[in-house]
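Chain lettering (A, B, C, D, E, F, G, H, I and J) follows the sequence in which the chains are written, and residue indices restart at 1 in each chain.
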Amino acid sequence: MDVAIPRDLDPQVRAETLAREKAYSQDLQRGGEWAHIWRIAGQYSNISIFDVTDNERLHEILWNLPLFPFMTMEITPLAQHPSDIAVET
Amino acid sequence: MDVAIPRDLDPQVRAETLAREKAYSQDLQRGGEWAHIWRIAGQYSNISIFDVTDNERLHEILWNLPLFPFMTMEITPLAQHPSDIAVET
Amino acid sequence: MDVAIPRDLDPQVRAETLAREKAYSQDLQRGGEWAHIWRIAGQYSNISIFDVTDNERLHEILWNLPLFPFMTMEITPLAQHPSDIAVET
Amino acid sequence: MDVAIPRDLDPQVRAETLAREKAYSQDLQRGGEWAHIWRIAGQYSNISIFDVTDNERLHEILWNLPLFPFMTMEITPLAQHPSDIAVET
Amino acid sequence: MDVAIPRDLDPQVRAETLAREKAYSQDLQRGGEWAHIWRIAGQYSNISIFDVTDNERLHEILWNLPLFPFMTMEITPLAQHPSDIAVET
Amino acid sequence: MDVAIPRDLDPQVRAETLAREKAYSQDLQRGGEWAHIWRIAGQYSNISIFDVTDNERLHEILWNLPLFPFMTMEITPLAQHPSDIAVET
Amino acid sequence: MDVAIPRDLDPQVRAETLAREKAYSQDLQRGGEWAHIWRIAGQYSNISIFDVTDNERLHEILWNLPLFPFMTMEITPLAQHPSDIAVET
Amino acid sequence: MDVAIPRDLDPQVRAETLAREKAYSQDLQRGGEWAHIWRIAGQYSNISIFDVTDNERLHEILWNLPLFPFMTMEITPLAQHPSDIAVET
Amino acid sequence: MDVAIPRDLDPQVRAETLAREKAYSQDLQRGGEWAHIWRIAGQYSNISIFDVTDNERLHEILWNLPLFPFMTMEITPLAQHPSDIAVET
Amino acid sequence: MDVAIPRDLDPQVRAETLAREKAYSQDLQRGGEWAHIWRIAGQYSNISIFDVTDNERLHEILWNLPLFPFMTMEITPLAQHPSDIAVET
C-alpha cells in the first residue's frame, strides 16, 4: 500500500484522516484480521498481511480504509507454505 | 523468492536439494531469523520475512539457500510501522 | 494462464499431459469450483474464474494442474461487484 | 476497467454519474451483452466479460459508459476454450 | 506478430514451414479475411489487419498459422473510426 | 495515437479542435498520405497507417495535428511484407 | 533519489527547503552515516550510500529529509563484496 | 530528451524560453560540444550526441538548458565503435 | 542494436561472421547510408544513425546484417531538428 | 552488474574465471579506477563506482572483465554532488 496525500489537502482534514486510519488499523489488528504491518524503509508505504475469511471481507476492509482514496495497492493471495514450522505435526 | 528448477536436473539431486532447502529453512525459523514464510497461491514462490542483525547476515542466509542457484528474489528493507499495535506503550 | 510446452518434450508425454489437463479441468468445472474458462484469441493462454472456499484450496487446484510446470499465471482476487444484477434483492 | 474520479469533481455530479453508471451496466446485464462483472478486491476496478456481436458494438457500449472519461481499460478478445464443458456436445 | 525460429530447427523443416506460412497467408489475403500485412522495418515481425466475423474465427486463423509455435503476438480489437472517409455518406 | 483532452479545456475550444482534427485527417486521407485509420475498441485511441515520402513529411503531418498537444503516440516504421499479395508478380 | 519540486511551490519556501536539505545531508555526511553522494549527470537525482546500524535508523534519516515529500526513491540493501580490497587480510 | 511544457505556462515566458533554448543549443553546436541533434518524428523529443571532456561538463550543459525543468531525459555513455571507419588507420 | 551470440556457436563461424559484419558495416559507412556508429560503453551494443531513402532500403540493410539472427534492435524514425545549425540559412 | 553463469560451464573453467575476475577487480581497485564495490544483499550482483578519465577507458575495463560474457550491466554517469562535503571549501 503506497500513500500519496495531495499537497493541497486541508491540514486539519489530513490530521483527522491519519488519526482515523491509525485507529481503524489498530482495531483490526486487535481483532486478528490485520495480522502484520511493516513500514517499507524510506517510503510512505507499508506491507501488510491480512487473515480474513474470504475476498468479500478483504475488499470490505480495504475499501473502508480512511486513506483509501489516496492509496494504490497490490494484493497477493497467500497460502500456508509446506516448510512453515507452524504446519509441522 | 521465485523458484525455477531446470527440467533436466537429475531427479535425485532435485529431491535431495528440496529436502536440504526445507531443513535449512526450518532451522532458521526455529532460530527466529526466518520470521515468516508464506506460499504465493498458484506460484512456485514464497514471501518471507527475515529478522536479522544486518545486511551481511541477510546475504549469508540467502546466498547459502540450497535452491539459491534456481531462485530470483527481490528484497525490501522493512522497519517497524508506527501503527503496529506491538509498538504501542 | 500462459502455456509454453518445451519443443523437446516427448510427443507421447505431451499428448498424455494434455489429455490429463482437459479431464482435470472438466472435473473441476462439473464440481463448480472452476466456474469459467475462456481461450484468449490467438494465444496459448486462458482466462479462468475459480469459485473456491479459500486460498489453500485455490493453490491446491493450481499446483496440481498437469500442465503446471509449463505455465506462468497471474492471480487476481475477485469479489462481488455492487452493480452485479445477481446481488440485487 | 480502473476508475479514477478526480477529487475536485462536484459531489452531486459524482453521485449522479455513479447512479447512471450502475443503471447502464444493469440494463446491459439484463440484455445479456454484459455477461459478467466482478470487483477486483481492494481496487476501484472491475473485470467484466462482454458477449457482443462485433467490435463496433463493444466500442459503442464502452464509449457510452457514464464513467468512461475517468476510466482506463484493457480489452482482451476471448474465444471458447476447447476444455469448456459447455462445448462438449 | 514476432517470429523467433529456434536456431537448431532442421533447415528443411524450416524452409517447408516458411513456404506453408506464405501460402496460408496469401490464401487468406485473397479470401479477404487477412486484410493487410506489413513488415516492421528491421524486425522479423509483421503488423497485420484481419477482417473476420468473430473472435472464434480469428483464433482459428491464428492458431493454425504454420509458424504459430514460434510466434508471440499481441491482438488489438479495432472498430471503424468516425473520421474514416470510408464512413462518410 | 492516444488522446487525453484535459477536463478543464473550454468546451467551445474543445469542439472546435475536434472539428479541425477531423477535417485535417480527412484531407490527408483524400490525398492518400493518411492511408488507414481505425478506432481501438474501448479506447480514445486510433491506429493509423501513413504513406509518405520521408520522415520529414511524417513529422510535419503529425506535428500539425490539431490534437497534437493532447496526444501521445508511438511510431513503427513499416515496409512491404514479402508475403503481401500486392507484391506478387 | 529523484527530486520533483512542484512548479507552484513558493520560491522562498523552496529556497529555504533546499538550504535545510543541504545542511541536513552534510551533518549526516560529517557523522559518517551518509557515506557517499553523487549527482546523476543530467538528472535532478542522486545516488547515495548510507552506513547505518539498521533499517529503523535508515527510515528515520530518509523520512526526515526536508525534500522527502517531493522525492521518489529506491533502496537497495548492500553488503560487503568478497572482492573488495578493504576485506582482504 | 522529451519536452512537456505545462499548458498553463505564460505564452510570453514560453516563447522566450524556447528562443533561449535554441540559442543555447546552437552556441554549443558551434563550439562542438553538442555534436548532433535530431528530432524524433512525431514527438516533442530529440536525440542528441554530446562530445564533452567529462560527466561534470555534461551535467553542467544539461542542467542549464532553459527547458530543463520541463524535460525528462535518458543518458547513454558512448565510446568509439571498433567498426567505425573514422577509427581505421 | 544489442548483440547476443550463443555460447555454443562454432568459434570459426563466429570469427568469420564478425569479420563479415565489420566489412558490411564499413562498406555502408563509406557509401554514406550508415551515417554514424557508436559503441554503448560496457555493452555488446551499438547506436547507429542511418541516412537512407526509405523504409524499404532501411529494412534491406538491417535484414542482411551478418549478425542479424543474433541481434535485437529498436528503430526510431528521425527528422531534422529545427535547432540544428546545419538547417540555418 | 548481474552475473548469470550457465549451469553447464565446466567447473574448472568456472573456478578459474572467478579467480581471474577477483584478481582483475582488485588490481583496478588498487589502481584507484574501480573506486567502490558492494554486493547487493541476496543477489549475485554488485554495485560498483568507477573513477576513470573517459568512456573509452570505462568500456575497456568492462569489456575485459573475465565474467563479461555472463553479465548484464547498467551504467549511470555520475558527477560530483553540490552537497558533497568533499566539494566544500
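Here, contacts are C-beta pairs under 8 Å (C-beta built on N, C-alpha and C of every residue); 3 or more make two chains touch, one makes a residue touch a chain.
None of the values given here were measured: they were computed from a predicted structure.
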| item | value |
| --- | --- |
| D-E or G-H - the one linked by more C-beta pairs in contact | D-E |
| Chain copies touching (chain G, chain J) - same or different residues, decided at half shared | same |
| Centroid comparison with chain G (C-alpha atoms), farthest chain | E |
| Cα-centroid distance, chain B relative to chain E, in whole angstrom | 45 |
| Rounded Å distance, chain B centre to chain H centre (Cα mean) | 46 |
| Chain centre separation (chain F, chain H; CA means) in Å | 28 |
| Residues of chain A touching at least two other chains | 39, 41-42, 55, 58-59, 75, 77-80 |
| Chain-chain contacts as defined at top | A-B, A-C, A-D, A-G, B-C, B-G, B-J, C-D, C-E, D-E, D-F, E-F, E-I, F-H, F-I, G-H, G-J, H-I, H-J, I-J |
| Chain H - residues contacting chain F, complex | 7, 39, 41-43 |
| Chain J residues touching chain I - in the complex, by the definition given at the top | 6, 55, 58-59, 62-63, 69, 73, 75 |
| Footprint of chain G on chain J - complex, ascending | 21-22, 25-26, 29-30, 36-42, 46-47, 49, 76-85, 88 |
| Contact set on chain A toward chain C in their complex | 53-56, 58-59, 75, 77-80 |
